[in-house]
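Heads up, the next two complexes both have chain A, just with different partners, chain B and then chain C.
Right after this comes the complex of A and B.
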C-alpha cells in the first residue's frame, strides 16, 4: 500500500459544476417545459413523444429513484421491487374504489367519487402517504429476516417475494371466502385524482379527467421532484453516508459503529415508499389494477434503468428510466416504422425488443459499466483501481 | 444475534430459537405428508413418484447453476433460457430434421441421435456466451456479470420467440407411451426414462469433478482462482469447461422435458430456471450432490402440493416453492448439505 500513497492518485477533477448545477437545471427545465412543447408540435405529440409515454416515463423515474436507494446507495441487490409497486397499486385500488361494496354507505373523505358510491373513497392525496407507508412496512417486513444474508442470497429471497406476492393476489379472489384482490379480473374503475384544493385557482378542474394527461404529468413530475430532493438530501446526510459505507464494506462499516440492520432497513423502507407512491399513481392513472402487470420482468427492467443510467447517481437514474421507458413504449415501434418507411422494409421492430434490450445491457456492462452518467464517487474509485493495477507493470528506471 | 449468545449446547448441537423454529417447521411438513398418505395412499404415492421424476429434471438444470456458481459465483440467469433453447432445438431436430412424430424404432433412433446433439448445442452456446461476455467481467464487481446474464437471458428469450413463435407449440413424444403399472400406481415410461438417464449422467459428472485432472482444476479454481493460476492451471479454460458441462446438463434436461411435457414455449426457461435455482440453493449452492438432492426434494414437494389430496393445488405451486426458499434462507442459509462457512475477512 505504500506505493499507492507514494504516488498520489490523480483522479479526474470533480466536475462539481455539472453535478451541482447543470444536471438539476437540465432536469427541471426539460421536465417542466417538454409537455408544453410536445403538445404544440403535432408530429411529436402523436408519434415520437406522446404524453401517455411521458407520464409512464415519470412513473418509472420514481421507481428507479426508489430502487436506486436500495441498490445504488446501500448496495443491496433487490430483484423483487415489483412487490412494492404491487402494494402501492393495490392500496390505492382498495382505498379509492367501490371494491369493498359491502361498506354501504361508503366512506368518503374529499374523494372525487360520486357521494353516493359505496366502498372506501379517500382522497388521492391522503392515499399517497398511506400507500407509501404500506409499501415501506412491507419492505421492512420483507427485509427484516433477509438482510443478514449475503448479496446473492438476498437477491434470491427478494426475487422469491416478488414471485409469491403476485401469485397471492392472482389467486386472491377467494381466500377463505374473502375477496382480497378480485383475482385476474383486477380492480377497476378507480376514482380519479381529486384536485379540489387547487381548483379554486382555475388552473385545474375538480378532478383530473381521463384524457387530461398534461395535469397528470405535472402531478407525477412533482412527486418525482420530491423524491429527487429526498434522494439527494438523504445521500448527503448521516443516513446516506452510512449506506455508502455499508455498500463499500459492510464489516468496516459495522466496526465504525454503523448499525447495520437499522441502516439497511431504512434503505428498504425509503426505497419501498417510492415504489408504493409510484404504484398508487400508476393505479389511479390507469384507472385500475391488473395483476398481470406485476411480474419479474418489471423488477428487472427497473434494475436495468438504475444500472444503465448510472448507479447511485440520481440524474443518471432519471436518464436511464426515461430512455428505457421511452424505448419500451414508443421508441421501438416508431424507430421500426421510420426504418420501414425509409428503406421500404417490413421489419417488425417490436418483435426484436428484448433482443435489442438484451444486447444493450450486455454491451453496457462490457464497455461502460458505470452507466451513462456515472456517480462521481464511482469514477474516483475506478481511477484508484486503475492506478493500483498499474503498479508493478511499470518499468523500473535504471 | 442475541439468540446465538443465549444458545445452549445440547448433544454437540447448538439449540437456539432459529434452530427450534426450523425443526418445528420440518415436523409440521412431515405431519402434513403423513396426513396425505393416510388419507389417500395410492394417490399420494403416485404424485410422489411423478414429482421425483420431475425433480430429476430440476436436478439436471440445477447442476448447471451450481457448477457455474461454484466456480465464479455468478447466478447465471440465462441458464433457464438456455434450457428452453435446448428444448426447441431438440423438438426441431426430431420433428423437422428427422421427421419423427410417433414412437417407433426410427423415432427412437432420432431421439438417440438428438440427445448428444442437444447436449453439445447447449454446452457450446454456454461456452460461447462465457467467452464473449462473462470472461471480460471476471474482475468486475459482482453486479456486472449478473446484469450481463439478465441481458443474455433476454436475448435467448427473444431468439426463442423468433424460433418457436410466441405461443406454445405441442410436440409429440417419440418415446413409448403408456407406463409401468405397480398395483394402482402407474408411472409413464418417459418419466422412468428420465430417471434412468439422469442417474448415469450424474455419476459421470461426479466422476469428472471428483476423479479427473480437469475436475481437480475445477475445484482448485473454485477455491482460489489466483492461486490456481500460479499453480499453472489455465483458469479460463477450466471455467469454459465448467460452462460446457453445465450447458450439457441443461441440454439433457431439455430433451427429456420435451419428451415428458410435449410442449415447447419460449418462456418455459424462466419458471423452470427459477425453480431449478431454488433447488440448487436448497441443496447448498456449489455442492453437486446438494443440487441433485434439492432438485428431487423440490420436485417431490411440488408434486405433493399439486396433486396430493390436501395440497394447495397447482395455482399455488410457485408460492410454495418460493416460501420454501425464503424459509430456508432464514433458517439455514447454507442449504441442506452446504457447510456453514466463516465469512472471509
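Right after this comes the complex of A and C.
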C-alpha cells in the first residue's frame, strides 16, 4: 500500500465562489434597487414590472424559502403548505383588527389603529413573531402524527390537512356560537403596518399607507433577507446536516444518533414559521383575509417555485419564486397584450397559464432536472450519475 | 469474571412463523474483540439490528453498559455509545466525507437552533472543532480521498473506511462492524486486522464484528460465536471453533466431518 503523504492543495472550485459571493451579492443589490428601478422606468411601473407585483414576488420568495427547508433540505414532500400561510394570515387578522369587537375598549399595543378602536390591536412587529410561532406550532401539531409516514403517504396526509383547514375556516363562522373566522366574508379591514419605531428619522410615516408600496416592499424584502440568513445558517449547521442525512438515508441517520422525529419536526416548524410570517404580511399588505385565497393551488405553485428554481439552493428558490409569481400576476397578461397589439389577435393569454406551466415543467424535467440554479450538491452528484449512465449505454449497444 | 459491556439474554426474534434468532445468549467483555460468524442467513445481521434498536426482539433483554436497550429508539442507543457500520455501505452519498463524519457527532454537539441561526461564537467554535475532529478521524481511518469529496465519489475501500470513521465519531464504547472486509483483497484484509486492533487500543473501545473471511476472524477475534439457523451452535476461541465439529458441519456439510462415508 503506497502511503500518500502529500496533502493535495485543492483550489476552491469556481462554482463554490459563485454560490458563496456572487449569488448573495446579486440578490442583495438587485433586491435593494428594485423600487428605484421600477419607479424610474415608466414601462416597468405601468406594465411590465409594477411594484405591486414585486411585493407579491417577495412574499412568495418567503414562502418558497420556507417550503425549501421542508422539501429541499429535509426531503419531506409537503403538499399542504397553504395551512401555514392560512395560520399566519388569520393570526394577523385576529390580532390587528376590530374583529373581536366584544373586547371594548380594545387592547392597543403600539398599534396603527385609532386609539378608540375595539378589538385586539397589536403592532405588526409584535404580530410577526406571534404569527411565526402560531404557524410553527401548527406545523408541529400537523407534523407529529404524519411525519412517521414515508414520502408518498406523507404527501397525501399533508394534502389532506391543506384541504381541511381552509374548510374549517370557511365554515368557522359560528363554532358553538363563537365566530372564529367570519366565514366566507373574511376579516377586513386589518390595521396598517405601524412604523413609529422608525418614523422619528423622517424616512417613513407613522404607518405604511395603502399606496405606499415602496416601504412595504422594503419591509418584506428585509424579512426575505432574514430568512435567507436563517436558511443558510441552518443548512451549514448541525441541524442542516441532520436534515441532509435524513434525506439521503433515514435509517443510517438514526443509527448515527440523529433523532428522526425531532429533526423532521424542526424542519416543519422552521418552514411553517416562514409561511406564517409571509401569511401575516400578506394579510396586512392586502388589508384583510379572504378564505378563498387558501387553496390547494397555492401549495402546488410554491412547490413548483422550489422545483423550478433549484431545490435546496436558496438563490435558486428565490429565482423560481420571482419568475413564477411575475408570470402569474403580470407576465402572462402583458405578454398576451403585447402579442395581441402586434398581431391584432385577441388571445386571452392568462387562460393558457396552466398549459404553458405544464409544458415548462415537462421541459424542465427533461433538460434541467435540478432547477435553474441547482444546489452545488445536486449538480455534482447528478453529473457523476449521468457519466455512469453514459458508460452503461456505451457498453451495451442497443 | 470480567466486566461485561454487553449482555444479551435469551434473544428471540420471530418474523411471522420464521424464527430468525432463537434464544441466543451473548456477552461481550469490555475491551475485547469478538466475532459473530455463521453461514448466510444465520441471523447475524438480524442480531445486529436487535442490538442497535432497529428490531424489537420478540423475547429477551439486552443490557448495554448497565442500561437496558429495549424500548430505546435507534438514535438513543447510538448516543449511549453503540455505533455500527453496514454490510452494504450506507453513507450519505451527496454529503462530503467530512460532513458524513460530522453527522454522527450529532448527539455530542450542543449548538441548537437559535445558536445556529444567530451564529454565536460558541456554536462557531464547536463547528470548527467538529470539522477538525472529522478530518482527524478520516485520517485515522486511512481514507485516502479528499475529505471535501462527496462520499459517493470515493473509492470502494475509502467508503468502507469512511463508514468506520463515521461510526467512531459517535465516540462509541462498542463498535459493530458488519462484514467490514467484504470486497477487500487479502492485503487490505490484513491491514484491516491491524487497524481494528489499533482502533480498539487507541480509542479504548470494544469491537464486535460479523465476518465471512475466516482469516480475518481467526486473526483478530479473541472470542467467536457461531450462529446457524438463528441458534448459537458454538462459542470459544479461534482454535476451539476451528476444531468444533458442529461448526465445520455447518459450513462444509455433514460429509466433511464424517469422512466420505455417505
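Throughout what follows, the second predicted complex is superposed on the first by the 372 of 398 C-alpha atoms of A that agree within 3 Å, B and C clash if a C-alpha of one lies under 4 Å from a C-alpha of the other, contacts with A are read in each partner's own complex, and residues count from 1 in each chain.
Basically, a contact is a pair of C-beta atoms (placed from the backbone, for glycine too) under 8 Å apart; a residue touches a chain by one contact, two chains touch by 3 or more.
This structure is a prediction, so every number in the text was calculated from the model and none was measured.
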item	value
Partner chain(s) touched by A:358 [first = chain B, second = chain C, both, neither]	first
Touched partner set for A:156, first chain B, second chain C, both or neither	first
Touching partner for A:249 - first (chain B), second (chain C), both, neither	second
Which superposed partner A:258 touches (first chain B, second chain C, both, neither)	second
Partner chain(s) touched by A:101 [first = chain B, second = chain C, both, neither]	neither
Touching partner for A:21 - first (chain B), second (chain C), both, neither	neither
First (chain B), second (chain C), both or neither touched by A:110	neither
Which of chain B and chain C A:197 touches, first, second, both or neither	neither
Touching both chain C and chain B, counted on chain A across the two superposed complexes	251
Residues of chain A touching chain B in the complex	77, 145-146, 149-153, 155-157, 159-161, 163-164, 167-168, 170-171, 251, 296, 300, 303-304, 307, 311, 351-355, 357-362, 365-366, 369
Chain C to chain A touching residues, read off their complex	52, 54, 73-76, 78-79, 83-84, 86, 90-95, 99, 102-107, 109, 111, 113, 116-117, 119, 123, 127, 144, 146, 148, 150, 152-153, 166-167, 169-170, 187-188, 191
Footprint of chain A on chain B - complex, ascending	69, 73, 75, 133, 136-137, 140-148, 150-159, 161-162, 270, 274, 277-278, 281, 315-316, 318-319, 322-323, 325-326, 329-330, 333, 343, 345
Residue numbers on chain A that touch chain C, as the complex places them	1, 4, 8, 10, 229-230, 233-234, 236-239, 241-242, 244-245, 248-249, 251-260, 266, 270, 377-378, 380-381, 384
